[in-house]
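Look for subunit A in each of the two complexes below; its partner is subunit B in the first and subunit C in the second.
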Partner chain A sequence: MQKRHDLTAFFSPSSIALVGASPSAGKISGIILENLRNSFKGAIYPVNPHYNEVMGLRCHPSIEAIGSPVDLAVYALGAESVPEAILNTGGNAAGAVVVSGGFAEAGPKGVLLEKALKDAARSTGIRVIGPNCLGIYDAVTGLDTFFVPRDRVRRPGRGTLSIISQSGSFAATAIDELATDGIGVARVVSYGNKSDVDEADCLDFLAEDPETKAVAIYVESIEDGRRFVESAARCSAIKPVMAVKVGKSASGISAARSHTGAIAGSYEIYRAAFRKAGIIELNGYEDFLVACKAFGLTSGAAGKRVMIITDGGGMGVNVADECIAAGLTVPPLPEELIEELSAAFPPYFTTGNPLDLTGSATDESFAFALSKTMSGDYYDMVIVAALWGPPALTDNLPGMLAQKPGFNEKPIIACTPGGAYSRERIRLFHEAGLPAFLTPEAAVTAACVLSKRQGRR
Partner chain B sequence: MDLRGIERIVKEALSVSRKVLVEPDAKEVLKLASFQVPASRVVKDVSGAIEAAREIGFPVALKLISPDIIHKSDAGGVFLNVMDEKEIEEKWSGMILGMADDYPTAIIEGFLVEEMVGSGAEVIVGCLRDPQFGPVVMFGIGGVTVELMKDVSFRLAPITREEAFEMMAEVKGFPILTGFRGKTIKDLDAIADALIKLGEIMARVDGIKELEINPLIVHERGAVVADARAILE
Partner chain C sequence: MQKRHDLTAFFSPSSIALVGASPSAGKISGIILENLRNSFKGAIYPVNPHYNEVMGLRCHPSIEAIGSPVDLAVYALGAESVPEAILNTGGNAAGAVVVSGGFAEAGPKGVLLEKALKDAARSTGIRVIGPNCLGIYDAVTGLDTFFVPRDRVRRPGRGTLSIISQSGSFAATAIDELATDGIGVARVVSYGNKSDVDEADCLDFLAEDPETKAVAIYVESIEDGRRFVESAARCSAIKPVMAVKVGKSASGISAARSHTGAIAGSYEIYRAAFRKAGIIELNGYEDFLVACKAFGLTSGAAGKRVMIITDGGGMGVNVADECIAAGLTVPPLPEELIEELSAAFPPYFTTGNPLDLTGSATDESFAFALSKTMSGDYYDMVIVAALWGPPALTDNLPGMLAQKPGFNEKPIIACTPGGAYSRERIRLFHEAGLPAFLTPEAAVTAACVLSKRQGRR
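Up next, the complex of A and B:
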């Protein structure tokens, strides 16, 4: 028996068999094969007794016929054929990804099939991700079993954020957005029905995965709650772990007879579990993306003190309001900084917090203000609300800010509200390695999420 | 904490297919976990009630004991500050008649005559066993409106003292315990003890599904269990 959390086969395979390979490009197996050929560096073995060749690759009648064991087998077959196919694989694969649907999610017949799948996995010792999932998109190894075409759902480049998701469509949509925004990922796992590998297994792996610097989770339900909490707590002690839980309105203890039981909806219990595990709680899809961008590009803040630098006074105040409503603080500039900045800046700049550089702002004035306010121990992070109207601002601004003159660890969050011109600038910030958002609300959500690591980076 | 004593009470109740622990039994459990519980006696009839009240000393609380009535005060099964023998007779017959009208099938096991608890801040501390996550403790500013206001916080049990204080500080009504509008500062340590101990009981004793103190009356020094119930599984 392997170590319970040994998922190495899934994340560093050197060979993959695609069981159910088909030459038709529109089929699930066709999409997977094309994606693998696009990005996977190792050996790819199509398996299907009906073909000799698929997409120019030699096709094998069975995994056994390949001649040597593979690290990973991907099954794109009708549900009813999967348990037998896994039994036939025997000891010839270490891990299996079953993307097929039609199992426990599909009614009583599917429940039986899933049980047969579990039994087959147990008797052969193969670890299984799925069924009813998209499997793995891994920007580190190039492994991609997501059967959604790349022209419709883009794949992010290599980054340090890993995502584990019960829902395949949620994972696919999120990575498409991250790719479009220029945010990279490390490992993305859609684990579906979790007949074997579940969120706790993934967390155990990601905790020790050097490629992963932060973990984002999407869950609908957790069965072994205590084990999840233990694994998540271990992981969050090392790196940030954040989670969104959907299905919040589901009532808690049915037929509860005490006040406690009547009030405790299932979501309250999930929140308590997240808290115990050191997981940062996220509220829905938007928060999830914001948090992915924030922790995908920067690390946590040591506290809650936010400095706001802007070239639009109104937007600065808006950001400040949002910060305070979210439980962050916006401490005033200390006297010595006011003196220093007032001496350097024209009198019509507002030297406070928010610090307003007005329409006369330049790249240099932003960088100067940033360096002065963030180098001492006055603030834990900064929100730069850059409006692009002032003509002196150039596309060099994100790069200049990203140099973090005079400080290292403190996160910089950019906020660039506006239309087409401003929206295009978001990408520049991301390329410079700074998370950037269109609205003050999103920027403050990011600040809030980053502040929840409080000293643990 | 006398865990074996607590287990015995739960096992005995389960062995006769009980689904709940009625107030005196739930309080006995809490007493074994060294909670402060008011002096009380279980009686069968009005003359027993009068005798018990004389012994305990007026004023007393007179409460119905029924496994079928979970929220006693809503059902007219609680009278507080009963001042003398005459009032006991009045309240007792009122209670019996009300039950006969509104809950004709409810089993009445007896009555609890109890020492009155001095006034203080009323909080609810509860614990339930979640099928996925195990024991969860709840804290809230108490009273009968707790289900309406939902000003409560939760933690997975067992909890640390630090977590217990976090739970208190999280509810909006927290200032009620810390001197809001000239009130005295209440014994937060006693609340923390209660939360920690409830979590511990749930974590270490099988068979309890929900265990709740509502209200726990918190004074400047100490906290007293004014009412409690347990649901068994």
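Up next, the complex of A and C:
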């Protein structure tokens, strides 16, 4: 291998072999085959000596029997069969995804199996993602080895955010949330026990990947800290990189060890590494999702000055409180803007920061307030806390906020708390390109992580 | 008035006059009339000298003209007309809800109007809720003066949680969320500028209200601190009382002043008052909603010891981290339980705390793990972090978890992160009586607030 981080075969294969294919739709291999057939455009070869045909596709007794090498082989076999299967693959596959569990995370016998897997990979020259992982979901190429059914775990459309995750369930849950909320992704990798490909390899690939504009990382453990920091620093010099490290507490550390066989280590060491690598630190699941939505749609704020525009006084106060608690600032509205806005608005609107348009708010009043407060150099971003009670607000609001010219560089974050009606409107904001959240806390977290990428666009 | 806090007329009126009724459905009075007709069982009298009929109901020129006193009069008039209207009502109404804005929150002229309103109330003996409020939503009696349309702001069914809120938009957004998630309420009061009835009056009423099992308070300001602490302490001696105070920061305080004309004051004073009154302090909107769901369905935990059962290793680690960060404990699984569970479960389940049932989880394995870990005195509550990727899980899970006998006293909190499929399952958990949340953070916040009511049941 010339470039250790050339993972192209994993993300853009033109052919895939599924080793362990079976006609049983409920089995892991059946779910993978169905997902591949749903979205992957290249050639798909089921491999299993026990069948001649699987789901209408010709089934081959071995990868060698396909007749030409494949770019990617996916192994859905019992752990004990995997090392031999890799050896038998020989030079007939460039990359391997091993989704099977039962390796280092499963005790002494599994540790030996994982060593055998590593040896097989090394001797054949096959790069391996996994074992104990979901593998790859790639919205650019349609590759999908995630063995979770699509009716339970939705797949996002094409976007510019890439995710790398040690935990498969975390990755699956995250893409399900993003898909439901209408946020797209580029590449998603669940790499599990990382017997070969690890987070540093993925970062090297994603740094140079033109489809990827931001990277979110979930880690439980990092073994080669120096290499990770180097790769992450290279990547974060080009595009935002953010990370959550779980297994912070003793209980969490011990659970993480059982989970992927990894030693989680002290959280302080990780924080220092993140800082050194220019990684934006995220605190947990909620932060991770918020940051994915924020950087999935925008690219960072130039500073910490937040303008708040609302139609619900109480909600505006709440957002202001959260901003201050999070270390952002809520500078008062400058005199000239107070004059201009007071002249245009009825006297019962509160022309301050927060700016309260009250229950008489209209789409136009929101858009006007936004265009005025975002012009000049008063604020770095705006949180629009829109409650839908005011009857004059319409579904045109998100589009009107997004189309105001002249502040493309300043993120506009929507905060739209409430029940069914508000929740359905989240997608409208996302379709307009504005990250939108159901709570003041989440909107302010978004503002906060965006402000950590200041000056780096 | 014998008992200053006898607010019965506000919540259980047998007759209501709507002063300022108009045939225009989009106007505030039109929305109120429609909502009253939808759910209120008593007599409804539109009052407006300009109409003979409104929405098919006979319209009266004045309250006096109705012919007999009403229990409650709702005023949807311009602020400048309200004081005189109250005076004209004379002794013909026991209580008044003034939804109109334009009083103390709107500058010097409004301050004078609010004083005139107070004088009118005092001279006529009418108790007043408002002005600048939404008034009352009462799921017990069907009374609904919230002038927000029901297609935008859903109304919860009947439950046992009552909410009192200085902010109308906050109250409306909260009930919309609760309704959407299937959590019921008893009484909800938006009291706005509190020219007469304030939070202490409401607490006095709710303390003795048999329909109310828990009380959640949103305040921006409290003027009579001593009376508030006395009333809250009386109430919290009987049932859980929790409160969020917004306007903590300077920006927030200034916004709160514009919002309801109130001086918000230092947050430390409020915290001390909350502590003295036995009130559970909530940090903001997200906390408020979580606490409403938690105490809307359960009644507190005896301690801080959390057991975590999951089918997604990474999510279990996340929940453990959040528990520790929140000051809860995640005690290891005792030896005897490890033995018992290891004997019953396959070897690749991780029998610790968190207990990881992996992607092979079934409804039965969750229920079995729950019944074993909740027996004995090992844990005070359990967080079930259920991801829906594992194909064997069914919609029977919430019911099976709820029906396990013997741990009624120990809250079971569901954490079920994800997209559409998970979000739809939130209601199943709530129907089974288990508070359920979309993030580890929210589930742990719920555990945390429930642990603050230990020993008080």
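Everything that follows uses one rule, which is that the second predicted complex is superposed on the first by the 439 of 457 C-alpha atoms of A that agree within 3 Å, B and C clash if a C-alpha of one lies under 4 Å from a C-alpha of the other, contacts with A are read in each partner's own complex, and residues count from 1 in each chain.
Note that in this section a residue touches a chain if its C-beta (ideal position, glycine included) is under 8 Å from a C-beta of that chain, and two chains touch if they have at least 3 such contacts.
These numbers were taken from a predicted model, which means no experiment stands behind them.
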Let me test your reading of the model: by the given contact rule, A:Arg226 touches which partner, first (subunit B), second (subunit C), both or neither? first
Touched partner set for A:Arg275, first subunit B, second subunit C, both or neither: first
Quick one: classify A:Ser162 as touching subunit B (first), subunit C (second), both or neither. neither
Just subunit B (first), just subunit C (second), both, or neither: which does A:Thr439 touch? second
More subunit A residues in contact - subunit B or subunit C: C
Residues on subunit A touched by both subunit B and subunit C 252, 256, 258-260
Touching residues (chain side subunit A, partner subunit B) in the complex: 221-226, 229, 252-253, 256-264, 268-273, 275-276
Parts of subunit C lying in touch with subunit A, wherever the complex brings them together: 26, 31, 101-102, 106-107, 148-149, 151-154, 165-170, 172-173, 176-181, 218, 220, 246-252, 254-256, 258-260, 284-286, 289, 311-318, 320-325, 330, 332, 347-348, 350, 352-354, 356, 358-359, 387-389, 391, 417-423, 439-442
Taking the complex as given, what residues does subunit B use to touch subunit A? 20, 70, 124, 126-128, 130, 132-134, 136, 138, 140, 146-147, 150, 152, 154-156, 209-212, 214, 229, 231
